[in-house]
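Naming follows writing order (A, B and C), and every chain is counted from residue 1.
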Amino acid sequence: MSSSVNLGDVTGVHKNPINVVQLLGRAFDARPALWSVASLALLFSAWEIAGLIPISIAFPTFSATVAAFVEMVLDGTMAHAYFLTLQPLILGIAISAVFGIVIGVVMGLSQKAEWLMAPVFIVLQAAPMAALVPLVTFVYGIGLTAKTLAVIMLALPVIVLNSYKAVRHANPSLIAMCCSFQGTRLQQIVKIIIPDASPVMFAGLRLGIAAGFIGVMLAELLITPTGVGDLITYHRSVANYAHMYAAVASIIVVSTVTLAGLQRFELRFLRPEKRKR
Amino acid sequence: MPQAVRSHVHIDAAATSDDPVVEVRGVSKTYADVEALRNIDLDFARGKLTTLLGPSGCGKTTLLKIIAGLIPASSGEVRVNGRVVTGPGPERAFVFQDFALMPWATVMRNVAFGLELRGVSPAERRRVAMQYIEKVGLAGFEDKYPHELSGGMRQRVGIARAFAVNADVLLLDEPFSAVDEQNRRKFQEDLLRLIEIEKKTFIFVTHSIEEAVYVSDRIVLLSPRPGRVSQVIDPDIDRSASPDDIRRAPAYLDTVEEIWDGLRQYAD
Amino acid sequence: MYRFAARLRAAAAALTFGGLLAGTPVEALADPIRIAFGDIATVESLHLLIAFERAKEKGLELEVTYLKSEDIAAQAVVGGQADIGIGAPYALIQKVNAPIRMFLQLSQLRFYPVVNSEFYKDWKDLDGQEIAVHSRGSGTEAIMQLMADKHGITYSNISYVPGAEVRTGALLQGNIKATIVDSSGKRILEDKAPGKFVFLPLDDVSATDEALFANTAFLQKDPQGVETLIEAILTTWREVEADPKSVLVLREKYKLLPDATPEMVADIEPYFTEAAKLGLPVNGGGEEAARDDFEFYTVSGALTGKADELKVGDFWEFGPLDTVLAKIGTK
């Protein structure tokens, strides 16, 4: 673990202070990733200390949380929980991404579509979705459909509105350029507007996925406890706070990793000019 | 085809020219309440470089975009090779003030973009684009992206793109305004050399008097609010001389002074 | 100018000092007892609301808040935002050593395993079948698990459907075939589809559904208040057990649950008649009830370890209850 490595370095300071400090400095210069490791180590140390005080009887230490996490990974409950949680999440995000981008692009291109749909999505985005999620159960019950719908309700508006704004704000100079070389409307859309809009559309997709994670957690906490939501609910109800925090932290980690991965994917495949050479 | 059409064009040619490729007849443009252009009549001679010069707000870019077919005139008409302009056409190519390069595409793809839109095969458009990349002095940069180039180099990409579609008329909207002074002079010299080779008609918008005099066969001075033709000047400059000699020649300096006198009244 | 500045400083000092005073628990004695419910008030808590009114008549100041879940009510009591909570926080006390103790049993788990008669008739038929319960680790799951163990059967799957009314509805719609409902669900099933559902026999399962609990510090600080409250509750319980219909009258008298729908009002009498028939904890539970809970909650998973090794004193504080029982006697 990273923190133990740093601890080793720190104890070395007493023997030969200057060298070790210089060595550390050089290491940090050479590998900027060490800063992230150091910041995480700091966060986790603070967590550990806060858990030891403790700031609340329901707040476990970092080490207890990690132990609980390892335990749940080893006995398979974590894998099973994610198997259940990822179903509505992936389904909902896939549907939101496809429909969201299509609807957003159409709204960006057509004034009529904008008039027709923009208010709906603006209202949906502004609405406190957590309050609406329970309503879904009245219509769609408590199964996968309702949970997928909860994900869509949160993810779709932000994806639609970002795609729409991206298309609407496509660089007018590039559009004029395409016109001046007699590009057809279709060429204009495919070759100029969508590539130009893609960074903002991707930002929308990232926000949508983040919202989708919120949606699936809301669904699993408010509709019926399944998957990760069940781990959180159950361990809270029996006061296994380390396990509860491990489940909460795991979904944060999964969400962060997913978003970072998406950013990498975008840079790697869609924005060749942003890639480092 | 242009020959056949041209035969019935010269009906009411007001401003005369031996062989006008672009004719502007009574063009006015009004934006909401603002009158940008009033009753412009102009001919642009084939194979010549004509500059539209004037202070900001004189509508010179508007006129250029009307000729390009990018914006419609409120009244009057523009003919290119005798045909009334209703939109952009293959006989005209535009060079944008802000370059209008696709940031996600390489120099090669940007230069070949006009050909790509026309459905030219990849191999052919690569060949043509390469030829113009070399001509504008960007050989070796074809796989770079716009953000890796300087402002001057980016505009060379824009010019190569306009050349690549082999249009009769090139419309340049303040192409050097975003280029620093040092590169600007070099650029102007390169442009003159290209004009020499390519034998095309150029319509050039600028607000720099020196630039206009240095590169133009004819200078059209526009007055502001609303834009009208105030003066047409044909500088009599020996282009065969070296760039430095041209910039020191009395004819050059006199013309600059003459235009400055004409525009002084509009200076703030 | 100088005078003005001085006056301003004085004013600021007074404000600050006043703020500090307000922040200190000077008026602690006049503070009402804050009670945290883990759910909204329903017909089923009507008798408790009546008891609260009676305690108020005895001069007790009560302030009742309704929280989202029992769990949050327990956290509020631990954190000092509430004095008394309602629930059965065994896990919280055992796992994290929370400084809270239960002091009065309010109700016992009353649930009814029920199956759709088209598919099943008794416990044996449920072997290898799917059932639905409230949530993981809940009393409903523990009851179903206890009965499965007793009859030597295993379920193929247990699905979690929170809310007895939701499970009742799903049973009527045919979405689930075997589950466990509360007494109001039982009445709805008997009402809407007489004979269609079979209620499976349940052996004597005795466990606390809800109890009053408080911070140990509070129990020491205000024993009189706690005793007044216990007395009000036990006398009300005894009255309701003797005459369930009295709840209706007392609801009118104290103007409780004014927004109740006609269906809810219609449910009051049958609910309390049934509750009285099964018996209310008119002696407040006590040691024996705690022992029963240990048996039950070690099975449900809320408590870990062996039931007979758990100490009642770690979970319950019977001092105030004993005082009250000494005064009003046991029944």
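Basically, a residue touches a chain if its C-beta (ideal position, glycine included) is under 8 Å from a C-beta of that chain, and two chains touch if they have at least 3 such contacts.
Predicted model only: the values in this text are computed from it and were never measured.
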{"item": "Most distant chain from chain A, judged by the mean position of its C-alpha atoms", "value": "B"}
{"item": "Geometric centre: closest chain by C-alpha means", "value": "A"}
{"item": "Length of the line joining the C-alpha centres of chain A and chain C, rounded to whole Å", "value": "38"}
{"item": "Between chain B and chain A, distance of the C-alpha-averaged centres to the nearest whole Å", "value": "49"}
{"item": "Averaged-CA centre spacing for the pair chain C and chain B, given as whole angstrom", "value": "84"}
{"item": "Sites on chain B touched by chain A in the complex", "value": "68-70, 87-90, 92-94, 96, 98, 100, 102-104, 113-114, 116-118, 145-148, 165"}
{"item": "Contact set on chain C toward chain A in their complex", "value": "71, 75, 78-79, 89, 91-92, 94-98, 135-138, 160-162, 166, 175, 301-302"}
{"item": "Complex contact set, residues of chain A against chain C", "value": "56-58, 141-142, 224-226, 230, 233-234, 236-241"}
{"item": "Residues of chain A that touch chain B when the two form their complex", "value": "171, 173-174, 176-184, 187, 191-192, 195-196, 198, 271-273"}
